[in-house]
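Structures are listed in the sections that come next.
In what follows, subunit A forms one complex with subunit B and a second complex with subunit C.
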Partner chain A sequence: MREHKIPVTRVEGHGLITIHLDDRGQVAQARFHVTEARGFERFCQGRTVWEMPGITARICGICPVSHLLASAKAGDAILGVRPPRPADKLRRLMNLGQFIQSHALSFFHLSSPDLLLGWDADPAQRHIFGVAQAHPQIALDGIRLRAFGQEIIETLGGKRVHPAWAVPGGVNAPLTPEGRDRLATKLPEARRIAQDALALYEKNVPNWAEQVETFGNFPSLFLSLVTPEGSWEHHDGVIRVVDSNRRIVADGLLPARYFEYIGEAVEEWSYLKFPYYKPWGYPEGLYRVGPLARLNCCDRMGTPWADEALKHFRALAAGKAVTSSFHYHYARLIEALAAVEQVGTYLEDPELLSPRIRAEAGINELEGVGIHEAPRGTLIHHYKVDEFGVIRGVNLIVSTGHNNLAMNRTVAQIAEHYLQGETTIPEGLLNRLEGGIRAYDPCLSCSVHAAGRLGLRVVLVGPEGQVLDEKVSAP
Partner chain B sequence: MITLRVDGQDITASPGQTILEAAVAAGIRIPTLCHLKGLTPRGACRICLVEVKNWNGRLVPACATPAEQGLDIVAHSQRLRDLRRTILELLFAERNHVCAFCVSNGHCELQTLAAEHGMEHVRFPYRFPALPLDASHPKYGIDHSRCVLCGRCVRACSEVEGAMTWGFSGRGIHTLVEADLGDPWGKSKTCTGCGKCVQACPTGALFERGKATSEQVKKGELVAEVTERRPRVQG
Partner chain C sequence: MILVIGLGHPLRKDDAAGLWVASRLPSQEGVKVIGVQELTPDLIPSVAGADLVVFVDSRVGSGPVRWERLGPGPRPSLTHALTPQGLLAWVNQLFGQAPQAWLVTLPTKDLSLGEGLSPRTRRAAEALVRRLVAYFGGEVDL
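After this line comes the complex of A and B, so read on.
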């Protein structure tokens, strides 16, 4: 058994891929296993609903803001209140900051080495520092854009994100005029970077034809929040499901009733459940969430620059859904631009300085669902409480869970394409599997609630079940 | 007037004052946890241990030991610091303190003491006991996971409010504070809902409902303000 290490691993979390070959050496099956148990739901039992935003924000270090906001929304539902409008806007502003920083991280820091230096570039160079050498401006832009997103989050929630910034009923601090002015000065640069990154991507699409074809290119459903009018949405609204023709399969679905249209299948080889669209059954009801799904689902972005970009995106598939997961990268960049544009609108809105930001109430409902779009995709927090607001049951569906089926399909597609009779794992396959998974920007750390070691382990299994080869991409 | 010496400094005390009170009056800070100004001393936590040189180096709780003429006291030394740190570690290991999302995070006396004593980790195995959280009171809640059994709530309730709602049940490590005879707090017939226990509690164990992580700030000094304003009753 050989172990091959590449210097920097860029899938956040930790997972195992097994590829099973048949007698003729062809790929019979490929699976993306998530191997840690979830202890988190049980851990929350007995805590109060007011503590849940803080608890869930601390459970995952990768996207605390998303859990904070989804949890606060579930709390709103249990209190039976609608947060005051300024609070809703402030939460949205924070989420936009999270979109900007997370999408910048995914594109520039994690994916640009493959995209710009090539999947077969020397592994010793294929990381963000390699990009910094070959394309210094791009690397610098990535750092600046991410910093802008982080600054929005810190301006609202403080360093390390105050775990009680978003609370059931609203938020606990407004934007300050100083904070607003500071962010406003940085807005033009952020917009310039988002536009440049998009232009760079569009220019390079022809170079990535092979990846576009094989990194998870298959018809499926797409699911996301949209506004009641059908625009791009990230913190409220209704659920829409479209198919690969962008035909609306379902619209206006109530987030609070997600369990009526989302089923969760279990497979013995993965701790991560397999959500599917219930009316289509398992596994036919495979759907994708996240940037690609949000863009396929919405009618418009709602801001001028991003709407212009959406037209180009739609043209890729002649108006139908873009079905290659490779283009998650594309969708992410359009969302980053939309987020920057929306931040600009919010910074001009005096309501964000309002002190009316929190609705106080007791326990008015014994069950509450908060659905929210995290950068990685739809995030569901569902709590059951007793009459005193003490947690009796928790169900979380995180974006990596929603995309579980699709990631498995992607892994199989890549293995079939790049493995042609070999009995060892070619270096190029390892990188492409990682790249295919990374297109989804999965966060295995929260989907399995374990601060696992970073790294992806790929095991090639022969027809008799014997391990033919094993490779690890290690941090 | 009594004179004594603390950390080499000569200080005075009036009869009846404790070592702690005399030291505080002289501007010498001794760490405390179960002690709260306005309540009778209890000597429950031993954080305030000081060394009395002329009693063969005996360790006594400063909060519960009367100041005596001629005492020569060490209130700060490496040995005392180590002892205090050990006590803190035992308190943390005994129950479940997850400061990161505790309502009192950033405003907690236990947490502050731990930071002051350089308690970066706990050398004892955590017990992780399964302890209840009672949120049945309309205004407040109690999370036994964060209780250090200092008894400040018990004393505030009986000595200041006069309701005598809180008491201890069980023994040793199984001790819990309980309302009335173990009823859910919300069912208590004696609790007036005044909240003095909550303000007196040094940790996040007693809290106001609706408070999220880090939002619970306690006003323990209210207890002394109330008692000092009161006319002294002879008896």
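After this line comes the complex of A and C, so read on.
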């Protein structure tokens, strides 16, 4: 069996794709490897539960808010408290800012070069600077939308990256009237950009028919939080699992009991674990999380414009689940619009100025789970502590981990479609493999809690295990 | 509008000099002050809206406060290593022109882990704050 190895770029983190060929030169297997390791689950042991939001936020510079909030929720459970209602709303507002900035980064900065300049465009131009030259207004829109999300985070948390703001029991500062008014002035532009981006995507869907068919288009389960009433949810609620027909496989699952329905398999060739839906076994229990899953799982978005967009999204699959991972981009843009709409609602809520933002308590439980939705998908923080609140055990399952099986299936599908007997890696294949991974907007640093450079390699390996070709994309 | 961007790491002692200066400049009409750990593309709209941008950063080594006129670099730099010139290049590309800009660097002695400026860096930072305040008030030129 021969093997192609391909690096993946324009994602957060470092990874490798290997493509194994059989004796006939056909793709026998393709694997997406995450090749780094860090160890947050280990070195957090011995710290206190109150320190965990600040420590685990350092897992990632792109979505520190997600870890901050999941960690604070796990702390809530250990304290045995429910944050005051203003604190819950403030956390939600910050998470919406996180959705806006992260989704803008993914679509405009990382993926728009492929979508707007073409999959076979000159690699020297196929990046955000190329987009800025060819479509300056779109590049500027992306920068402004991301800046709006970042400003929400900074306004609440005091800084854009790693704000130490959410704590077990609530948050440590409310929204100020000045901050509210400043954000409100920028809301109309953010809404216009989100709507324009969505319209741009919808207009171009027919141009991407081949990518829609081949970039991870397969039946699977989808898993996400929803409200108890079935609406789109990003910070609390219950777990719902649907299949490719959007039939509900499981609903109302308690987040704190995640280990009863999510298993974690290990493969020797990757540092990233392979979560699966336990009742269906491994690997049949492959499921996807993130924007695509959230839209497939929910009954409604809960805001007018996003609900209208959801109708168009549903029409892609005649009401069944949208199964192409390429449409993660579509779902991401609908979520960005929903987030902007919800931000508008929160900015009109006087309760966000309330000083009652933290429930004080000691250690009342020796175990706590915090689950919420990061932009990339469901995020789980599970801590065990002693009677003094000192951490004795940590388990983190992040969105990129949940999508690991699906990303592997995606690279295999793309390789099978675009690699037809070659013994070298064509440039077109390289970028499409990367694009397939990029659709999931993975955070490889996050997923294995890794430290390292950006980039991803692709290696082509022959039937005897010999390396036939190897390519590395510039990060 | 004058935009002052103070750069630095708050936990590497003298490296925080730019942030220290930014935190001590009074907000006033026509002046916007930002403190950041690194330059990011999010700053492009603010830079584009300024008539003058002053980047305040620390530098390795001794000597006086150093002033350097800046223009846009040859092309926008990568987002993970955005320089003042790269940021100006982004603005130039997206808006057709970049504002006047200065890079002001402060001498450092201690860049180890911790908070607080060494006496020498602090004196330089205080002098820079006085000069910038005087400039904002129209008392001196840059």
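Rule of thumb we're sticking to: the second predicted complex is superposed on the first by the 461 of 475 C-alpha atoms of A that agree within 3 Å, B and C clash if a C-alpha of one lies under 4 Å from a C-alpha of the other, contacts with A are read in each partner's own complex, and residues count from 1 in each chain.
By definition in this document, contacts are C-beta pairs under 8 Å (C-beta built on N, C-alpha and C of every residue); 3 or more make two chains touch, one makes a residue touch a chain.
A quick note: this is a predicted structure, and the numbers were derived from the prediction, not measured.
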If we overlay the two complexes on their shared chain A, which of subunit B and subunit C does A:I128 touch? Say first, second, both or neither. second
Contact-wise, after the overlay, does A:P136 reach subunit B, subunit C, both or neither (first, second, both, neither)? second
Regarding the shared-chain residue A:P53, is it in contact with subunit B (first), subunit C (second), both, or neither? first
Touch test for A:H109: subunit B only (first), subunit C only (second), both, or neither? second
Does the superposition put A:Q150 against subunit B (first), subunit C (second), both, or neither? second
Can you tell me which positions in subunit A touch subunit C when the two form their complex? 109, 128-129, 132-133, 136, 139-140, 143-144, 146-147, 150, 160-161, 454, 475
What does subunit A use to touch subunit B in their complex? 46-48, 50-51, 53-55, 57-58, 162-164, 167-168, 172, 360, 362, 388-390
Considering the complex alone, what residue numbers of subunit C touch subunit A? 37, 40-42, 44-45, 75-76, 79-80, 90, 93-94
Which residues of subunit B touch subunit A in the complex? 100-101, 103, 105, 132-133, 135-136, 138, 141, 186, 209-215
